[in-house]
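Have a look at this one before I ask anything.
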Amino acid sequence: MKQENTAPLRVGIAGLGRLGKRHAEQLARHTPGARLVAACSPVAEELDWARETLGVPRLYADYAELLADPEIDAVVLVTPTTLHADQTSAALRAGKHVFVEKPLSLDVATCEAVEAVARDYPDQVAMVGFVRRFDPSYARAKAAIDAGQLGRPFLVRSQTCDQNDPAGFFVRFAPSSGGIFMDCSVHDIDLARWMLGNPKAVRAFASGTIALHPGLTDCGDVDNGLAIVEFEGGQRAMFYASRTLPHGHETTTEVIGTTGTVQIGFGAHADRTEFRNAAGVQHTALPDFFARFEDAFRLEMEAFVAACRGEIAPPLTLSDATEATRIGQAITESLRSGLPVAIA
Amino acid sequence: MKQENTAPLRVGIAGLGRLGKRHAEQLARHTPGARLVAACSPVAEELDWARETLGVPRLYADYAELLADPEIDAVVLVTPTTLHADQTSAALRAGKHVFVEKPLSLDVATCEAVEAVARDYPDQVAMVGFVRRFDPSYARAKAAIDAGQLGRPFLVRSQTCDQNDPAGFFVRFAPSSGGIFMDCSVHDIDLARWMLGNPKAVRAFASGTIALHPGLTDCGDVDNGLAIVEFEGGQRAMFYASRTLPHGHETTTEVIGTTGTVQIGFGAHADRTEFRNAAGVQHTALPDFFARFEDAFRLEMEAFVAACRGEIAPPLTLSDATEATRIGQAITESLRSGLPVAIA
Amino acid sequence: MKQENTAPLRVGIAGLGRLGKRHAEQLARHTPGARLVAACSPVAEELDWARETLGVPRLYADYAELLADPEIDAVVLVTPTTLHADQTSAALRAGKHVFVEKPLSLDVATCEAVEAVARDYPDQVAMVGFVRRFDPSYARAKAAIDAGQLGRPFLVRSQTCDQNDPAGFFVRFAPSSGGIFMDCSVHDIDLARWMLGNPKAVRAFASGTIALHPGLTDCGDVDNGLAIVEFEGGQRAMFYASRTLPHGHETTTEVIGTTGTVQIGFGAHADRTEFRNAAGVQHTALPDFFARFEDAFRLEMEAFVAACRGEIAPPLTLSDATEATRIGQAITESLRSGLPVAIA
Amino acid sequence: MKQENTAPLRVGIAGLGRLGKRHAEQLARHTPGARLVAACSPVAEELDWARETLGVPRLYADYAELLADPEIDAVVLVTPTTLHADQTSAALRAGKHVFVEKPLSLDVATCEAVEAVARDYPDQVAMVGFVRRFDPSYARAKAAIDAGQLGRPFLVRSQTCDQNDPAGFFVRFAPSSGGIFMDCSVHDIDLARWMLGNPKAVRAFASGTIALHPGLTDCGDVDNGLAIVEFEGGQRAMFYASRTLPHGHETTTEVIGTTGTVQIGFGAHADRTEFRNAAGVQHTALPDFFARFEDAFRLEMEAFVAACRGEIAPPLTLSDATEATRIGQAITESLRSGLPVAIA
């Protein structure tokens, strides 16, 4: 804590797509203790945006150059999933703290290889972006569980469901996304592990259907998926992921314990208004993940900065990313084979 | 209790309009311990309905004949308000138990005169139809208050709000209804007294507006009314009555105490469904007072029958009716004068 | 409809346990068009109750005698599950209409055998007690689906969850209940079929855990169960059943379609009250299935009576019972084997 | 808009109490386009806090010195109410933009005098802190009204209710607060005007009670107050203010129109969690005004900065402050006299 008012953390961001821009704005404008000093993207327009809108002074087209910049303490990776693992390892080797968006990799062995690299740099923070852990409601639920208010938690039911995009952007993205469970449910998987106390997963079963996007057939993906995961000791999790909700984004989690349960996010209220007219009583639903987790994105970045500055312990480890991938891949394999898949 | 399985209470009903039919069906089909043996109406079609639909054996066009029927133990009055008081007194004098719809009278002195008659017949039940007291949710709230769960209750906010009827039936009814406060808020007034422990009202102030029905101007009535009532000892009540809600019937009450509050009826859900679609998240609102208080109408009639059969003490007295009229008339007078009105 | 005011349906009930008493009271006191004229139970105290409390005139210890009574038009079976099938067949052969509680049988072949008997008596009603279909909220949801308001419904998520009974009554009942899915989820299975348009089920997978009642181990049952069912054409259902909810009974269903979704029963409100105090904002949850479905039990019995009197078509057939058993047994087998089970 | 990336607005803040600290942190850390360059307080510890926690470079004990600082473009006044008017005028005369917390003054003539000063400085922004206008839910409601979704809005019911503070801090503050209506309801008054389209108020009536804090008696104040305000043309408003809610802060507003209504803030949810246990279903209520309006405080300050930089028109004028005081004082006078008060 004694360092709190010392020099701010100098951050470089790589990747300036939709989510990258959010993180960049957050770091440039609203994250105490940090300064966004560099940005990296192969897209010239994105670098222009960073300079003009956020005043980012140093811009790189090449990630290696970003890492070579000695005036950078930490990098934030919002790049395509296929790059996450190598870029994380490289950042650690370059002496930088690193924040990487989820998933770390679609491959368990690759995740483990990055973990191995991280073990060589114990003084650097390596944190994966499971943003829902930073949402105040999820944090309150976790605190209640840790305080024993649910007794022994034994079941998590969790969903990540997006509003249908008639343009089907995600269909084009499907071949590289790892499938609906790796793309959406990975958050729910991480939450289930967190809420249940990090039990060892032993088996997964999945099923799914294509409700609206037949274009997914080719890559073996679905637009609505269901999964059951069994953990050692009898705990269970049930996941639902959808790309086709008609009304908005509805991401919810329920943790059921022996003496209490907690529900997070039910109702999907966009805000605190409710309208009444001839059609009845209604409220608007959240439009998307960003609207739901705006605060969490901010708090996540603040936590990363605080961890880099030594003010708090890193709230997430790369091991959390590895385990989420391990379970997500077993679910995905079950979707394809139609059989339960044992988890090593 | 020992009488429970003896002969059923023989009931005659007077008045077979919309609400009268409800009570008649209730008594004929669903009220244990009672038999609907007679009906009285000046409208031949209504008597036909009673005979054909409910199988009521004895039908009278004249109320005096109904009272003269020695095979009737109790009468249920669902007649126009102007008849309530005289018909109640006559029923008592004829040796019948009597249930009378609210309000007993628009005139306090008339209410008191009926009370005086009732005192001469202490073994007969005389009960006024403040149906909301019999709703399970109101009953639970009252029980919580009596158990001290709110500390000292000091404020009631209560409303009776109907969905707008574009045909404006109530406008034609306005000249004889006693105005919006006597017609609608009389329920809220009774509830406030009940919830607050029957304090003495000392002053009332009202205001109102005509939102949609200019035809009310002639009789000095409004379609949206607001009132504040002051009770001895500092307790307060605030009432809202509306004829013009766009979405349905929304009748709610909040009781605020020093250590807790209770809200009854918020949300106006017609049932337990909630729909989600491109317009957001919505539920249907209750269409009307009947839909909201269907159970309460049943329980009210069961309570009346149980009181007549000596199984329970009468849950309501004529004095409750008198006090509701006293407060309702003060509010109505304030609406007209624009000044606070002291309550004797 | 022309028969509506003719002689009432004469009903005999068999089985006077907790649910049997409910049906008996309903028939004796509140079901228009019916008279409860006989009761059958091997337990003398139960027959005494029927005579003394409900005034049922003819009492039988032996089911064969009940069926031999020529003054009975219909029988209502609320007997142990193992008797349902034979008693239903016998009633049909005796010329009676029959209402039988769910499940018809734990065995698919037995269900089919009863169906075969029923085909010989096409003029007699044979209806199974899937009571949730008669709940007004479920009925409204179904009507909305039939009106196309959800587009194509493709996923049902449904649960039947009871408040934990520390005494564990159901544990003693477990060896004969058929397991948690046959006992609880059979309702959800029936609803899923109904909401999805009676698709053919092709495969089931289940998992479960024992959270609080180790006594279930011996009979291979669990106190919390999860299941996924796959239907032909890509529709899916997901079920959750629990015996251990800490707060009350929470039975909910969600139907997800391509243009809308409907949720039924979320929130588990016991009534329309909400309390606020130092602990926050709270409402009481429903205590049990009876409290939740009180209206539905009434409407179900009214529908049975109306069907027997020819006023409506029977809303449920024995085939619905067979299919629910077929799916329920596949789920139960999957729970035991740990493998997906194909449905013939 | 062309100025958006020019030099940031240099802001000096006066007053560093609880709310002052919030605004200072907002300006120092999270408000794009602004820099907090100076702070003013007669309390040395507060200036120390500004320097040490926020790194504010220039600190003044004397407001005149703050105004004399040529490197300041705008001042933010979070000082005691009695100073607001003079300090606002002085800031304007010193060539600064000014943001002043509500109420501008407890005296209408004083408000009008500040307005007169402001007219001499048309190029400087003078904005009063009616923060609820900047809450996203209130903003959405207002947009819906402006889009005609409620038809003609004719009634506002609005409340500002704080959780009881057993220490009774506000009792000590009561002699200078202007009373509960000037301190709390002034927000509701401003909202009512805004939602109803700035109608002219013609009359007010108020009542109140002391539920828990007898210390208020001496200064003629109450801890629970009710008011009705009549506007020209028939619109109405009803206000409730409380210092004694048992569960938290519950600030709500309902706007009722001829074709729709909107409710804002009902339910008082602190977050998106809901707990279930043996006590039922519950959620935590908002603890205070700050928790409820955290986003609004941020957006308000961003709007002030944007107005000063010429990017938007000032969303609020001093005239809004004057009218709120005019109505608030009429309500307060009515509370004391017991009579309706005409509004000039």
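When the chains are written out, they are named A, B, C and D in that same order, and each has its own residue count from 1.
Rule of thumb we're sticking to: contacts are C-beta pairs under 8 Å (C-beta built on N, C-alpha and C of every residue); 3 or more make two chains touch, one makes a residue touch a chain.
Composition by chain, UniProt nomenclature: A, B, C, D = Oxidoreductase.
Keep in mind that what you see is a predicted model, and the values were worked out from it rather than measured.
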Of C-D and B-D, the pair with more C-beta contacts is B-D
Greatest centre-to-centre gap (Cα means) from chain D (Oxidoreductase) is with chain C
Taking each chain's centre as the mean of its CA atoms, chain B (Oxidoreductase) sits from chain D (Oxidoreductase) at a distance in Å of 42
Between the Cα centroids of chain C (Oxidoreductase) and chain D (Oxidoreductase) the separation in whole angstrom comes to 56
Going by residue number, chain C (Oxidoreductase) touches two or more other chains at 245-247, 259-261, 266-267, 276-278, 284
In the complex, chain D (Oxidoreductase) touches chain C (Oxidoreductase) at residues 245-248, 250, 267-270, 276-285
The chain C (Oxidoreductase) residues in contact with chain B (Oxidoreductase) across the complex are 5, 29-30, 32, 52-53, 55, 135-137, 140-141, 144, 149-150, 259-267, 271-278, 284
Per the touch rule, the chain D (Oxidoreductase) residues reaching chain B (Oxidoreductase) in their complex are 151-152, 154-155, 157, 203, 205, 207-212, 224, 226, 228, 230, 234-236, 238, 240, 242, 244-247, 256-261, 266, 338-340
